[in-house]
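Please go over the structures that come below.
Note that chain A is present in both complexes that follow, paired respectively with chain B and with chain C.
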Partner chain A sequence: MSHVARGRGRAGFIAGFLVLPLALYLTFVIWPYIQTFGYSFTNWSGQSPTFDFVGWENYAALMEDEVFRGALWHNLLLLVFVPATTILLALFFAFMVNAGGRSGAGGVRGVRGSSFYKIVYFFPQVLSLAILAVLFGAVYRSDEGGLLNGLLIRLGLVDAGRPVEWLNDPDLVLWCLLLVVVWHGVGFYLVLFSAAMQSVPKDVYEAALLDGAGRAQTFFRVTLPLLWDSVQTSAVYLGIAAMDMFVLVSTMTSGQFGGGPDHHSEVMATVLMRNFLYFGKSGYACAMGVVMLVLTMVLSVVVLRATRRDRIEF
Partner chain B sequence: MTTVIKAPGESSAQRAGGGRPAAPSAGRSDGAVLNVFSHGFLAVWAVLIVLPLVWLALGSFKTDSEIGGSALSRPTNWNLDAFARAWDKGIGDYFAHTLIVMSFSVPLTMLLGSMAAYVLARYPFPGNRVVYFFFVSGAMFPVFLALVPLFFMVKRLDMLNTYQGLILVYVAYSMPFTVFFMHSFFRTLPTAVHEAAVLDGASDTRIFFQVMLPMAKPGLISVGIFNVLGQWNQYILPSVLMQPQSGSDPERYMLTQGLIQLQYQMGYETDLPVLFAGVTLAMVPMLVVYLSFQRQIQAGLTSGTLK
Partner chain C sequence: MGSTGEGGLGRRDLIKRSAALGLITTPAMGFLSACASGGEAATNGPGKAAVTKENPFGVAKGGKLDVVVFKGGFGDDYAKAWEAAFDKKWGTTSSHLGTQEIAAKLQPRFNGGNPPDVVDDAGAQAIKIDVLAKGGQLADLTPVLDAPSIDDPARKVRDLLIPGTVEQGTQGGKFVALNYVYTVFGFWYSGKLFKEKGWTEPKTWDQFLDVCTKARDAGIGGLAHQGKYPYYINVVIMDLIAKKGGLDAVKAIDNLESNAFADNPAALAAVEAVYEVVEKGLLMAGTNGLTHTESQTAWNQYKAAFIPSGSWLENEQLKQTPEDFDMKFLPVPLLPDSKLPFEAIRAGAGEPFIVPEKAANKPAGLEFLRSMLSREWSTVFAQQANSLTVLKDGVDPGVSLRPGTRSAVAAVKAAGTHTFQYLYPDWYSEMDTEIQNASNELMAKRIQPKEWIKRAQAAVDKAAKDPNAKNNRRS
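Moving on, here comes the complex of A and B:
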């Protein structure tokens, strides 16, 4: 009897603890995600309550949309260069911080001041993207007042009469944005890789040292293989970040929701927002959302598959 | 005792290393060059991080023409005028709005997230895995995918440009990470304590609030910091959901939104010191939080993502 009552009480308890979190999550996260798929097959403007089912029309239009195709291409470029640059730099710094200072005693340890570097490098991670946007907007100013131009002019590398138009130059704008993302991300991944390196037992390194491995060899033959899991995860995270880019592009570049000059920094997220909030093409914007989701999924699977290796246990 | 034994061992190892024929001098200098080399790179990156931030903060003390002139000019007036003007231009209000929202959204996120994570971690029931996966999968998708329907959902609930609307949305979008993190934390807590509490006749609810939640404090602190950072820095959600809906609707911009607003405004009015002062004001609390919790943040980050 009491057992039964207990069992029922427990079910009530479980339900009671789950109902509110689940309700909120379903209402504001899952249901909108699902709705996006439905709306992407309509010509809904967002203003009117009525809309028609148009089948694959939005998706067909997307393929024809020059601006969207350009944005897609930019996202793909970022998808390659953001993870590659960030991970390489973070790995390099993590290795230096954790194993760079090899002393005469033969042990493996970090360079002096490694904890200081870890703290400073992580700084940008706690700043909001809005702060980054304003900060780098000032750094990239196209006159002598910008930090970059100012320094280059002082060094005599740039003519004061013709400073570099960082964010207005069609060939430079995307790379300028890329640098901001890398600047922001390296510290996070340094800390991540550091933790992974520290969990590698010291005797693995000592064995490598006894066998006469140099720094480069230690890194490529010992550290990197043991870190492969974290590198993989990082590539997926960074890929997702490279798919987004909305805040930086929309606030740092010219145009309604950014994307300028002449769509040279356009990413899918900015095209989506412009179509949704400015052109009032909600159904069309939803189709873009679906394309972004599919690409994110494909990206994750491809990265995980392509970089699959035998897991090394230690 | 142990130190006595250790010390000679270490020094002999050093001697052995140094006494090796042929190699030592070459090896040493090679190592020294590499050390200078690696230190150089590390130092350069540290400068690249700090320099723009310091430069921006100094900009708050310049005049507008000094900012437009040479980037390397030194500020001439060391007064806090620009900070006061930035505060008047709304930075103070943006701070207040953000604090209002977060004083509800962070505790609510922690409470609801822990409740769900606790039940999912410690009570096997049919569908447990499905619900857990459901919660956690939300972290995978780009927010943009949900943005259009989310806007209309909040509109239908008549909660556009309201604090309560944004609070609920923040809580919902913080759920995947919070549940994921707390789930792994609750799993590590010993079952013996739970059993003892049951024997003492405590109800499930009581056990959660009086035994489990206090025991999970380290985990709660880590997740709490991440939620604070995440919600404080959120830009996309407020910029879609927190826009005045009519002429009489007051603006309730969040800090990040307000900064971008300030950037446009100050661009027209050409009062850049105000913008720089505003960004500095927004930056300082986060740096203080970071420096004081830096250990927990780095520890939490690695335990949360390396599983």
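Moving on, here comes the complex of A and C:
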């Protein structure tokens, strides 16, 4: 067999493997995107196959839409706080359970009981978002039956006649939701970072310890640089989660598909769904979807670019 | 989109299956694909039989019947019983789906042109009737109104309905939704609690505030409301407006007039009256953030004197209501110089049943609706769902009603012709949502009554730009 023919044969062989997944990907991922893009130029109501082409009208209306702009702002706020808080906490805990223990004769280890903590930290990750919403609904409940209010009232910090309306308070609602996401995420990223830390050879730590590095120094000079890839990936994942937030906001806050009180917890996905399924403005909602897609893609690229560093081999 | 016939159907099935497999997981975008519109489906009905007096729509025997009902406060047992009866009479094979996710389940089917034959389009996730009607997806139900009734073929179905049913189900001048459940709106209280405390039923707003104050002094809340869903407190605000301003005030709002709320003394007085409850600290503690079940259950536990709701409340709270609670209905009390009497109530039809325009077996769908308006089926509903239907005297006297429903029936009798109904929530979803938001802010004391009026009027003015505003008019 000639060289060329062999090459062609191999290409065919590889293509044979790729055709099916590629076709599936095109049909179920790319095609809906294209469809959404197409619909975003129409006045499609979502309840009937007929619609008219309206050009850029939806996008122009989007610029004027205060609710959507507010939602965008909330998403950006979450985008800053969700990854930052989650990663910092996860890194801290991961470091403590893996390398934070007092250096004894056995070398590097976690704080006492670290294996137990690891399991406990992972618990929240096992719960689905729906369960989480119910759970934290009970925590944030606005009368004395709520966990937080009950506690605060018993401690005498809150008047029983005026309990804190956590999720009905414009200043608190977003932070209450943020706490849920962080609580949910920390465990998973702790385990992720733990795994990464464990792949760091012990002798690196031992060398650092011998040189007299304290915990903080070990963390910033050794652990963090060696974990950079994982941190970067986590930031992208958490960033995408912060751009979504649909399930929590729609189930926990007031309003059709959530977003209340008075749009103070609105995220883009809730505005999108309300327009899509409730107001019968699906074409408009598709335009929102396109904006979300573009933003999410820009975000991923920016994070990956901005945090690029030289890879440290070990 | 675009393709027709078998290809379209096949792909849609594939999309559904793959969605189930979790292939489409990209946030925010994935679900759009599941809802993307499909091609024209080949919907072959079972053909049409001859139209007779007994069979006014020409139902062919032995066809199929596809029914989707909202499985909410009324459950769906009643629908199963109906379907069994229908199958027996027409030899049909009916398929039944009881779900809370009406929109998610049905939207792809409406878009794909293969909707069910009968839909109970209700609940929080109902597809808005105004949106469906605008898209030409709803069959004209006027033939049902003009068909002979099952119980008395000499009379038309139309003549057996309580007043307002047709108006309520009309969109853009066409009768498209049969709102089946007769609902009255107002306050509810516990007869037992009132007896124990020696309180009497308030007839004026001052008396109402008085009872609330007494309740507060007795260590319980005055008014509870379903804070997470401001829909309910809007019932109180709107009823006060209607009673003080009369039917003209109601029509002004539904017809999106530029002075519906602004410069309307009745509206301002109503909002100020509700705000007085907030200002005087007569709300049940924490009620602003509670869901409907949470606040209703607290009310069932005697933690508040009053709660606003429709007459589905009793069935919804069956399990949480103490045996001796003695649930009672109270029309919204009067403000000074009201145009309507105390007995006047918001009453009307709810739970819209529709027949899609593209239903595969439209005759059977229409026949199903006609059968619903028979005494037999109406009684089944009253028994299974503890609620009245829009069929006049549609319940066999043998059926015993629970105390709340009984007091609601008494209130309906007392009201006589003094009933009213708002149509704007069905006509203008966005306006309704905006007013609800404003009410939520009002109850949380974050805005004042004047600001509420401003926001409500702004919502009305915005809705007036809706192209549908021309068609949706009432007189």
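Some observations on this one:
Here, the second predicted complex is superposed on the first by the 281 of 314 C-alpha atoms of A that agree within 3 Å, B and C clash if a C-alpha of one lies under 4 Å from a C-alpha of the other, contacts with A are read in each partner's own complex, and residues count from 1 in each chain.
By definition in this document, a contact is a pair of C-beta atoms (placed from the backbone, for glycine too) under 8 Å apart; a residue touches a chain by one contact, two chains touch by 3 or more.
Computed from a prediction, not measured in an experiment: that's the story for all the values here.
In the superposed model, A:L272 makes contact with both chain B and chain C. In the superposed model, A:G289 lies in contact with both chain B and chain C.
After overlaying the two complexes on the shared chain, residue contacts for A:V29 are found with chain B and with chain C alike. In the superposed model, A:D143 lies in contact with both chain B and chain C.
By the touch criterion stated above, A:D244 is placed in contact with chain B and with chain C alike.
In the superposed model, A:H263 lies in contact with chain C only, and not with chain B. When the two complexes are overlaid on their common chain A, residue A:F122 makes contact with chain B while staying clear of chain C.
After overlaying the two complexes on the shared chain, residue contacts for A:L299 are found with neither chain B nor chain C.
When the two complexes are overlaid on their common chain A, residue A:A195 makes contact with chain B while staying clear of chain C. Taking chain A as the reference, the larger set of touched residues comes from B, when chain B and chain C are compared.
Within chain A, the residues touched by chain B in the first complex and by chain C in the second are 24, 27-29, 31-33, 35-36, 39, 46, 141, 143-146, 149, 240, 243-244, 246, 268-269, 272, 276-277, 282, 286, 289, 292-293, 296. Chain C meets chain A in the complex at residues 1, 11, 14-15, 18, 23-24, 26-30, 32-33, 35-40, 103-104, 107, 110-113, 124-125, 127-128, 130-132, 134-137, 227-230, 281, 284-290, 294, 298, 429-430, 433, 436-438, 440-441, 444, 446.
Listed in rising order, the residues of chain B touching chain A in the complex are 10, 13-14, 17-18, 28, 31, 34-35, 38-39, 41-42, 45-46, 48-53, 55-56, 59, 67-72, 112-113, 115-116, 118-120, 123, 125, 131, 134-135, 138, 140-154, 168-169, 171-173, 175-176, 179, 203-205, 208, 229, 232-236, 240, 255-257, 259-260, 263, 272, 275-276, 279, 282-283, 286-287, 289-291, 294, 297-298, 301-302, 305-306. In the complex of the two chains, the chain A residues touching chain C come out as 24, 27-29, 31-33, 35-36, 39, 44-50, 140-146, 149, 160-163, 165-170, 240-241, 243-244, 246, 254-256, 260-263, 268-269, 272, 274, 276-280, 282, 286, 289, 292-293, 296. Of all residues in chain A, those touching chain B in their complex are 9-11, 13-14, 16-18, 20-22, 24-25, 27-33, 35-36, 39, 46, 89, 92-93, 96-97, 100-102, 104-106, 111-113, 116-124, 126-131, 133-139, 141, 143-147, 149-151, 153-154, 183, 186-188, 191-192, 195-196, 215, 230, 233, 240, 243-244, 246-247, 251, 268-269, 272-273, 276-277, 282, 285-286, 289-290, 292-293, 296, 300.
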